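Both of the next two complexes hold chain A, though its partner changes from chain B to chain C.
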Partner chain A sequence: MINYFKEILVGFWSLLAGMAVTIRYFTKPIVTVQYPRQKLTMSPRYRGHTEFVIDEETRTHRCIACEMCNRICPSQLISLQGVKVDAKKKLPSRYIIAYQYCSLCGLCVEVCPTKALKWSDEYLLCGFTREDSEIDLLRRLQDQQYAKGWPLTPIPRPKPEEPAPAKGEEVKE
Partner chain B sequence: MLERGLEEKTYVLNLGPQHPSTHGVLRVELEMEGEFITKADPDIGYGHRGHEHMAENRNYQQFLPNLGRVDYLHALAYNQCYCMAVEKLLGLKVPERAEFIRVITGEMNRISSHLLWLGAYLLDLGAFTPILYCFDDREHILDLLDRVTGSRLTYCYYRFGGVPQDIDEEFVAGTREFIKRLRTRFRDYDNLVTKNVIFIHRTRDVGIITQEQCLEYGLTGPMVRGSGIPYDIRRSEPYSAYPLFDFEIPIGSKGDILDRYLVRVKEMEQSLRIIEQALNKLPEGPIMAEKVPKRIKPAEGEVYAAVEAARGEFGCYVVSQGEVKPYRIKLRVPSFANLSILPELSVDTLVADLVAILGSIDVVVPEIDR
Partner chain C sequence: MEFLTQMLGADVARMVVGLIAIIALVSVNALFLIWMERKVAAHMQLRPGPMEVGWHGAVQTVADAVKLMGKELITPTDVDRPVYHLAPIVIFLPVLLSFLVIPFSQTLIIRDMNVGVLLILAFASLTVLAILMAGWASNNKYSVLGAIRSVAQTVAYEIPLLITLMSPILMVGSFSLADIVAAQERYWFVLTQPLAFILYIVCATAETNRAPFDLPEAESELVAGFHTEYSGMKFGLFFLAEYTNMFIVSALATIFFLGGWRGPFLPGIFWFLIKVYAIIFLLMWFRWTFPRVRFDQLITFAWKILIPLAFANLLITALIMKLR
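Presenting the complex of A and B:
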């Protein structure tokens, strides 16, 4: 009998103790970020999507269109095309990532021999269509250069006599 | 009933696949007799993505991101297991600092997984408040791991031979801060949950698993430790830097839900201890093994590596035929074995108890389906 009442008392006390915790936290400052009005800065290693590093000296990207990133990507989402600008040098004429397939593994960033890729801190990456998440890195680079007032890197075009890329290559399904 | 010309039938109730307490898309078909369950039949496979098959048509590195998506709650342990298996195949020696970083981040991830379980489980039991506190703490872990790994959930951080990026002073300081903070928070969790009379009455003597059952079903992790078997891969088959640290393996006595709960909470405290020791002893040095081949092409052979994930033993069996692609990868996931005991546990229980039992198993359904 005594045990019975004791249990009730202890139980009741435990509920009050739990309440005390909530009440204590009630008076503490809010911990959540009030999103549209308040935004976080991304951490330095935050993986948005990949983008070109802008070399401070040359004021352009460092990509040599070697296709290493293209080959290692698990989802094969990088659509890359290189153009020979002179005897030795090759430059990308097309570098589009289909971001919706990206698993943010970082293999492309690590494999690049010239360290031409880095992570952007873009986090608003939703869209209404599939095309919204296709990011053209060369254009993005131009936008960034424009914002800094630097000369834009021209996007080289494949020479007309070169055969046009086969259709199948671009389709990513 | 029969007098009125109605037939007697068992009543079949679907729990899930969209039920919030099944933690993913798990459907449990319940046969009921009145309020009591006579048979429970888990139906899995809704989230099947074919990870194991995917491994067969991509090379070793390309399978890395998949591991973060098998069990997204303790992704780093899965990363580590796969890396360990391939490192064994290649005969790579991981530098000490990298092992320490793996231990620190892996244990942080374990805490975040347990915290999420704690919050979500109490939500299943009808207590709304704790999840808010758990997520507050978990947020700190995610922020810290974000600084190191770059992602917040589906990590892909370890590489064959080490880790690609080092941890910095800020991370170390932040982690120390966090350890202090979480230790004070445990007191609140105690008051809020562990001592709570409603919680105790919902969980005590419910879903008892005996030691024999543990062995029969091949349970691992907190499930078997809750029943009093001190089986932990970190101890029984030490890997990485774990032999260097001093920690206890909490065990329960009865094997009911309360024991499993207590085991998980105590495990978080032990994880904090491990992290603290690892931070104190953190050696300097390289974070990547020397001579990691650019093209991973291990010699013919088969290896098995196992780690202690938040839910139990995760094993990775890799068969190589000396090509750039693995011949076969088999993932041994703990949730699958753990869930297999549910039909036996749920006989003659109420639906509300079934939810409590299911939650205490701590299944991650995508891991079962993989």
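Presenting the complex of A and C:
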């Protein structure tokens, strides 16, 4: 008989304890983010595609087009071209990553001798074609500079290739 | 109003106006309750709930209702046609009639009958019949299982419900709901009958087939229970009846234990609605807190705990009334 009432009281108390939990959650602030109108700030450890570090002093990138990243990339997805702007200095004229092949291994970021690359916090990656996932880092850099109101880094043009040897000479045999 | 009174006589005119008001109340109440249920559920799970249609999704249920009305009424081939078509009406009609005797305020009552409580409870038990009709006529194993569970549950829980309500009735000495409210002039009955109040809330949750007693339509086991085969507005009627039943049991709780329309400053109708929606919030709170009970637990709970406690409560009340 005592057990009967004890069971009822203990059961009733546990129900009240459960209700206390839910009402506490009821009064807590909502965690859902209403996506298109609100956006989360990505955590600093988030790995998006790579992008150029903007040097605070020079207000431009630090890439010297040494092609280390291009060589170490296991997926061979970086297409990089450098141009000699004067006797000592070489700058990239084209730096495009085919992001659809990227495994985010981070070797390019590690190997870079001037620490010119970093992870972006870009997560809006949808597109309609495969070409939409090819990211031009130089253009992206210009966009970021424009957003900050800084002077844009001009994209140097490669010298026109030397004309191919005339055909007549090649067909000798 | 004058014209209606002259044409039909005061009594019939009162009925007609009352019924129209009831239908309006039932629809608005259901629209509001569905929105409230979704909001309460969402906030307990740290979500915002419907946000897109109207202010904080307030018109979302209206949009859903329009969609529901636009849907095709599918009648599966092998159903028992007359019963299948009748079931939504049978579930909805008694729900409407129950409002006849509910006193919304001192004067706002369509008809004060001296058997008000019995009328509501009698109509409430018609719901079982409708659920059984729907489940049987659908010719679907899930529907039948849902209907069987529902009948067993409702029959089991109606007994403690009636016995529980007998205690306040003994104290008042009348079955009329207006008299019961009038008797709570000095104090609410929840103070003198706390056990009866708790028992009533438990039985009311079971009577309205809500979680944790939602076995008849357990989504994870029986698809949708007895209304699996219904579509469009027929399903809508079941839905409407379910939410209106919630309103009715909460209104009964308000009248019996929380002093009905009594309260300071505001007019009676406001106090009545505030109390009713507070009880409904309690029922929703239950739903999003407790997991569904097993069937043996359900029946054991009714016969071994609720009914003895209700009887004990009734006996003690009767004893005190006799000795006083």
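Simple rule for what comes next: the second predicted complex is superposed on the first by the 121 of 173 C-alpha atoms of A that agree within 3 Å, B and C clash if a C-alpha of one lies under 4 Å from a C-alpha of the other, contacts with A are read in each partner's own complex, and residues count from 1 in each chain.
Convention: contacts are C-beta pairs under 8 Å (C-beta built on N, C-alpha and C of every residue); 3 or more make two chains touch, one makes a residue touch a chain.
What you see is a predicted model, and the numbers here were worked out from it, not measured in a lab.
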Partner chain(s) touched by A:Thr22 [first = chain B, second = chain C, both, neither]: both
Which superposed partner A:Ile30 touches (first chain B, second chain C, both, neither): second
First (chain B), second (chain C), both or neither touched by A:Ile72: first
Partner chain in contact with A:Gly106 - chain B first, chain C second, else both or neither: first
Contacts of A:Arg140 with chain B and chain C, given as first, second, both or neither: neither
Which superposed partner A:Lys118 touches (first chain B, second chain C, both, neither): neither
Which superposed partner A:Lys90 touches (first chain B, second chain C, both, neither): neither
First (chain B), second (chain C), both or neither touched by A:Arg62: neither
Greater residue coverage of chain A in the superposed arrangement, chain B or chain C: B
Footprint overlap on chain A, where chain B in one structure and chain C in the other make contact: 15, 18, 21-22, 25, 31
Partner chain A, residues of chain B touching it in the complex: 58, 61-66, 68-69, 129, 133, 136, 139, 143, 146-151, 154, 156, 159, 164-165, 188, 191-193, 195-198
In the complex, chain A residues that touch chain C: 8, 15, 18-19, 21-23, 25-26, 28-32, 34
Touching residues on chain A, where the partner in the complex is chain B: 10-12, 14-15, 17-18, 20-22, 25, 31, 43-47, 72-74, 103-107, 110, 119
In the complex with chain A, residue positions of chain C that touch it: 40, 43-48, 51, 285-286, 288-290, 305, 309
